[in-house]
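Shared chain: chain A. Partners: chain B in the first complex, chain C in the second.
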Partner chain A sequence: MITRLATGAALLAVLSFLVFVGVELLPGDPVTTRLGPTATPERVEAARHQLGLDRPVLVRYGEWASGLLSGDLGRSATGKPVSEMLADRVGNSALLAGISLTLLIPLSLGLGLLAATRRVVSAGALVLASVPEFVLAVGAVLLFAITLRWFPAVSLIPAGSSPLAHPSALVLPVLSLLAVGMAYAIRVISSAASTVLRSPHVEFMRLNGIPVLRTAVIPAVLPVAVQVWLVTGVSLVGGGVLVEKVFGYPGIGELLVVSVQSGDLPVVQALVLILGGAMLLALLLADIAIRFLTPRLRTAS
Partner chain B sequence: MKWVLALVAGLIALPSFAPHSATKPIGAPYSWPTWAMPFGTDHLGRDVLSRMLHGGRPLVLTSLAAAAAGVLLGAAVGLAVALTKRQMLMWPLDAIAAVPPTLVLLLTLTAMPDRTGLVLAVAIAGAPLAARVTQAAAAQVVGRAHVEIAIARGENWAWLLGREILPLVGGTVLADAGMRFVSSVHLVAAAGFLGLSVSDSDWGLLIVEALPGAPLQPWALLVPVLGVALLAVSSNLFADRVARRSRGMLG
Partner chain C sequence: MPLSRRALLRSAGLAFGTATLLGGCGPSTPASAPVENTAGRVPRKGGSLRAVFTGGGTADTLDPFGSASPVDFVRNDVLYDVLFSIENGRATPRLALAAEPAPDGRSFVLRLRDGVVWHDGSPFTANDVAYSFRYMSAPERPMPSELQSYFDLGKVAIRDVRTLVVPTRQPIGDPALIIAAFLTKVIKDGATSFTPTTAVGTGSYRVTAFEPGREARLTRFDRYWDGAGAVDELVVLSLSDPQAKVNAVRTGQADYAGDIPFSMAKAGSGSPDVEVRTAGRRHRVGFGFVLNATIAPFNDPRARRAVRLAVDRKSLVDSVLLGYGEPGNDLYGFGTDHFAEREPLRRDVDQARKLLREAGAEGASITIRSTEYEVGYNASTQLLAEQLREVGLKVKPDIVGVAEFFEPRALAASNGVTFSIGALPLPVIYARLAAYPSLALNDRELNDAIAAGLAAVDDTARRRAWTTVQDVMSDRGNTIVWGLADTLSLERKAVAGVEVRGLAKYPYLGKAGLA
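Right, the complex of A and B next:
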């Protein structure tokens, strides 16, 4: 367990270095972004020195990393502290992913088990899994916002106010994320369930009149399902980039697109690190959950 | 399942049949459908049908190129790992797999905003999975008696790959290529949607352009949405079928 935690921490350190160096390699200069194209070469040079950009990458990585450990994410190219820019956004994205995941867990388990025996459900999941997420989101806009006019097409949420105060703006983004996550979760859960259903011990239990669903199928499917849910939960935050963009939802995905396009490197670095770190954490939790839910693994160690 | 191949071939051939230019306005902005313009016009008065027909070819060709490049790179690494049993060759691809594909796309296209960059980004995003699939399939074959006999006979690498391993692994790699094509279509369309497209009538670009004006002219949005969905669903069904058929080969 301790080695697993240490590996996780080491991976996070490696990830943070790759993120820092990788993003540094991108074209786009934070100084010209800040000063504008009319700045004279002397002013650019002075600003580079003032920001410390004329020093080696390794030194700057050291400073950035030590800042991270004390919770300081640095300053954006626009001069604002990154943590201030992220504060609301992270909460908004987490809220969106949280609601979607809460709905996803019971729905995907139910439909996944159903899909193991009903071809209609598994075919539906295959079709759903084929369509790109932003196309699903735009399709939802066409149907529910433009044709039926039930919900707004754009999430107009004023800065500083919580999306919870605008529940109708949340419906379509949640629905789109849910559809994306469901397609994958149903396919994995149903393939695990149909393997169990075909095994001899389940056949034997069924012949003896023992209810197989509660005693055999769900316990066998649960470790797989928990892993899928955790990974889906994180990918809902990160993979929600396009869905947030469709609805103009003020989350980290939308901020990421804007920051990459405007060359705001410190914000991109912080966001990539947060998304990567969340994924590593979810994989770690999935490992722990599998050990907890599979008695064989628990007693073996 | 031949209709899927016909669909892909059709999309490549269709620009020649477009009645109008993809970029020149031919009517008032947001005109509703008429006989001459079956899907109406977009926000600049351009013919939606012609833009759709012109946009299919770059989407399909870019996705094909990216899928092929990703599978070649992934299969090469996967075969190398299976043959040499050096797992560390896989590490760079594992690191890439931890980054969400949308992010790989954004970062690569910011550095190289052209078609080469797009193909590269999509290929890189797909290579880790192709490598895993190829390695898993090849690892099963490498331990078999006929391969060990060939090694003991002193056959060279080319013989081992071409005569002993690839004939058995090829089906799996081909099936995986189908899956890579599906995710390539997703990513290439997503690039268009994010305004990073490299053609002037990319279907993803059509979608993002039609979104604000959709209450006025929903056809300009509906047609590319259905187009991407149709291409993605049918190529996925095709890939699924190929994968199921090739699964029996290694048994």
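Right, the complex of A and C next:
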């Protein structure tokens, strides 16, 4: 357990370095972007010094990383503190992913088990898996917002209030995210379930009149399912980039798109790190969950 | 001449939006022509108006000198007043009444309006203006105002509570126009922060709630000097996706969406009480390319003219602007004072080939740098590449992201760049072009005429100078304005009173409402 946590921390450190250097290598110079192409060389130099860009990459990475440890994400190209710019957005995206995941867990388990025996369900999941998320989102807008007028097309959340206070604005983004996550989860769960269903011991149990679903299938499927749910949950935060953009939902995905376009590197660095870190955490939790749910793994050592 | 990125973003207009999803699927039959926004209809008093513009996410700001996205410009235009605004190509007095140049043009007397009050009730004075000049030009600011390249803002003298004397760096005959062009907003003496509680302006609306990347709620300021606005509340919404802006109006979540892509206009309004509108012909934006006259082959005027002869303007207007516009005559500044309305050059492939041969540029390889500052820019570059192939030029489009477009070295190495500029006064347009070493045309006659146009006090001398400038550009210039594009908006039919002060992309909503 300790080694897993240590590996996780080490991976996070490597990730933070890759993010920092990777974003630094993007084309475009933050100083000239900020001052315009005709700023005098002295002014560019002064700004470079002011922003600390005249120091080696490793030194700057060190400062950025130690800032991260104390919760300081640095300043955006606009001069605003990055943490202030992200605070609400992280919560909003987590909310969207959280609601989607809460719905996804029972639905994907039920449909996944059904798909193991019903061809039509598994074919449906395959079709869903092949549709890109933004096409789903645009389709949802066309059908439910523009044609049927059931839900708002754009998630406009008034200043000073939480998306939770406007549930109708959440419906279409959640549906789109759910559809994206469902397809994958159903397929993984149903393949695990059908493997179990085909195994001789299940056949034997069934012949002896023992209810197989509760005693054999679910216990075997659960470790796989938990892993899928955790990873899907995080990828809904990251994978929501396009969904958030289509609905104008004030989350980190939408902010990531805007910040890449405007070249606000400190914001991009922070967002990529948050998304990557969340994924690492999910994998770690999945790992722990599997050990917990699979007695064989716990007792092997 | 220093030029901040903000100025350029503003003048060129931002298109944060990426390619559209639904727009392309619209009907292929041309939609009905956009309805021109006329000043005739008067909005009724009361109610609320919800307008949506492209925003910059949580980078949105109430700082009038930190504005970077369309939603910032529009919102901050109603919160804060400018000294002079541009209307119909001329400077119109707002917080200032007049800027009277000294006989030598080396300074001017700035006279201020009486009876103006701030949102907090205190009176507006010359101290506020002097402070605003210092604040906007402070070198430690990330984007100091370019006004200081014309005026010595550190040496502004306050003569009395309504009068200031401002020294200039070169003779300037119409200082009001320069002040208007650089959006000289006035903040309160001593203001350093711009939060919903500290953002105090003199504008027709004051801020009551603000959340960057979402919305600003503005309440009518009943003591506004120019007559209080129509609606009780103005809600300015910030979205980053153009399709989301359009959807918001189509489904009744907003009343007005500013600056919508041509493809979405083509797809129709989608609702009987919503229509596509345009600010009108004289507010059309020049779409084009600027050739780099500092390196081969376009350091030869014959090669530059050859490109102008090779361009198929009609086909660019049809396929990039989707018909929402007209061919341009290679001059920027359409719709403003002293603009030379001349016929565009006729396409002549043979003559273009001949000129290229004479210039020794036959079969030359060139790069054109492009970014999607405006929707359609990259498409126009691809199309230009095809058209120039017909005259034997090998064009390599260099398509980059918005954030890296102005990388100085890359800009200087390109043979041409995409460039658009709206109906701004000619002195501003030529200053902007001259700001980039690789976009400027180093021509003695041109530069003398620009300086003369800037210094001229009377209208006849001004017209003469700007005619000379445009003669030079028509003869051997490096700008190819192939089209004049409409600025389109999607509006509920009841929306009225939307004004253009400066650029149509950033309309003035201080008098707007629902009829």
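FYI, the second predicted complex is superposed on the first by the 291 of 301 C-alpha atoms of A that agree within 3 Å, B and C clash if a C-alpha of one lies under 4 Å from a C-alpha of the other, contacts with A are read in each partner's own complex, and residues count from 1 in each chain.
Going forward, a contact is a pair of C-beta atoms (placed from the backbone, for glycine too) under 8 Å apart; a residue touches a chain by one contact, two chains touch by 3 or more.
Bear in mind the structure is a predicted one, so any value in this text is a computation, not a measurement.
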Quiz item: Since both structures carry chain A, what do chain B and chain C do when superposed there: clash or fit?
Solution: clash
Practice problem: Considering only touches as defined above, state whether A:257 meets chain B (first), chain C (second), both or neither. | Solution: both
Quiz item: Which partner does A:246 reach: the first (chain B), the second (chain C), both, or neither?
Solution: both
Exercise. Have a look at where A:56 lands relative to chain B and chain C in the superposition and call it first, second, both or neither.
Key: neither
Quiz item: So, A:200: does it touch chain B (first), chain C (second), both, or neither?
Solution: neither
Exercise. Pick one for A:80: touches chain B only (first), chain C only (second), both, or neither.
Key: second
Exercise. Have a look at where A:209 lands relative to chain B and chain C in the superposition and call it first, second, both or neither.
Key: neither
Self-check item: Greater residue coverage of chain A in the superposed arrangement, chain B or chain C
Solution: C
Quiz item: Which partner does A:106 contact after superposing on A: first (chain B), second (chain C), both, neither?
Solution: neither
Quiz prompt | Partner chain(s) touched by A:146 [first = chain B, second = chain C, both, neither] | solution = both
Quiz prompt | Partner chain(s) touched by A:134 [first = chain B, second = chain C, both, neither] | solution = both
Exercise. Could you tell me which of 171-179, 225-233, 261-269 or 333-341 in chain C overlaps chain B after superposing the two complexes on chain A?
Key: 261-269
Self-check item: Doubly contacted chain A residues - partners chain C and chain B
Solution: 26-28, 134, 138, 141-142, 146, 153, 245-246, 257, 260-261, 263
Quiz item: Which positions of chain C touch chain A when the two form their complex?
Solution: 1-5, 7-8, 16, 21-22, 55-59, 61, 66, 68-69, 139-140, 142-143, 209-217, 237, 239-241, 243-244, 247-248, 250-251, 253-254, 270, 400-404, 406-408, 411, 435-437
Quiz item: Which part of chain A faces chain C closely enough to touch in the complex?
Solution: 26-29, 32-40, 43, 50, 76-80, 84-86, 88-89, 134, 138, 141-142, 145-146, 149, 152-154, 156-160, 245-248, 250, 254-255, 257-264, 267
Exercise. Quick one: which bits of chain A touch chain B in the complex? Just the residue numbers, please.
Key: 14-15, 18, 22-23, 25-28, 126-127, 129-132, 134-135, 138-139, 141-142, 146-147, 153, 235, 238-239, 241-242, 245-246, 256-257, 260-261, 263, 272, 275-276, 279-280
Self-check item: Complex contact set, residues of chain B against chain A
Solution: 95, 98-100, 102-103, 106-107, 110-111, 182, 185-186, 189-190, 193-195, 204, 207, 211, 214-215, 218, 221-222, 225, 228-229, 232-233, 235-237, 240
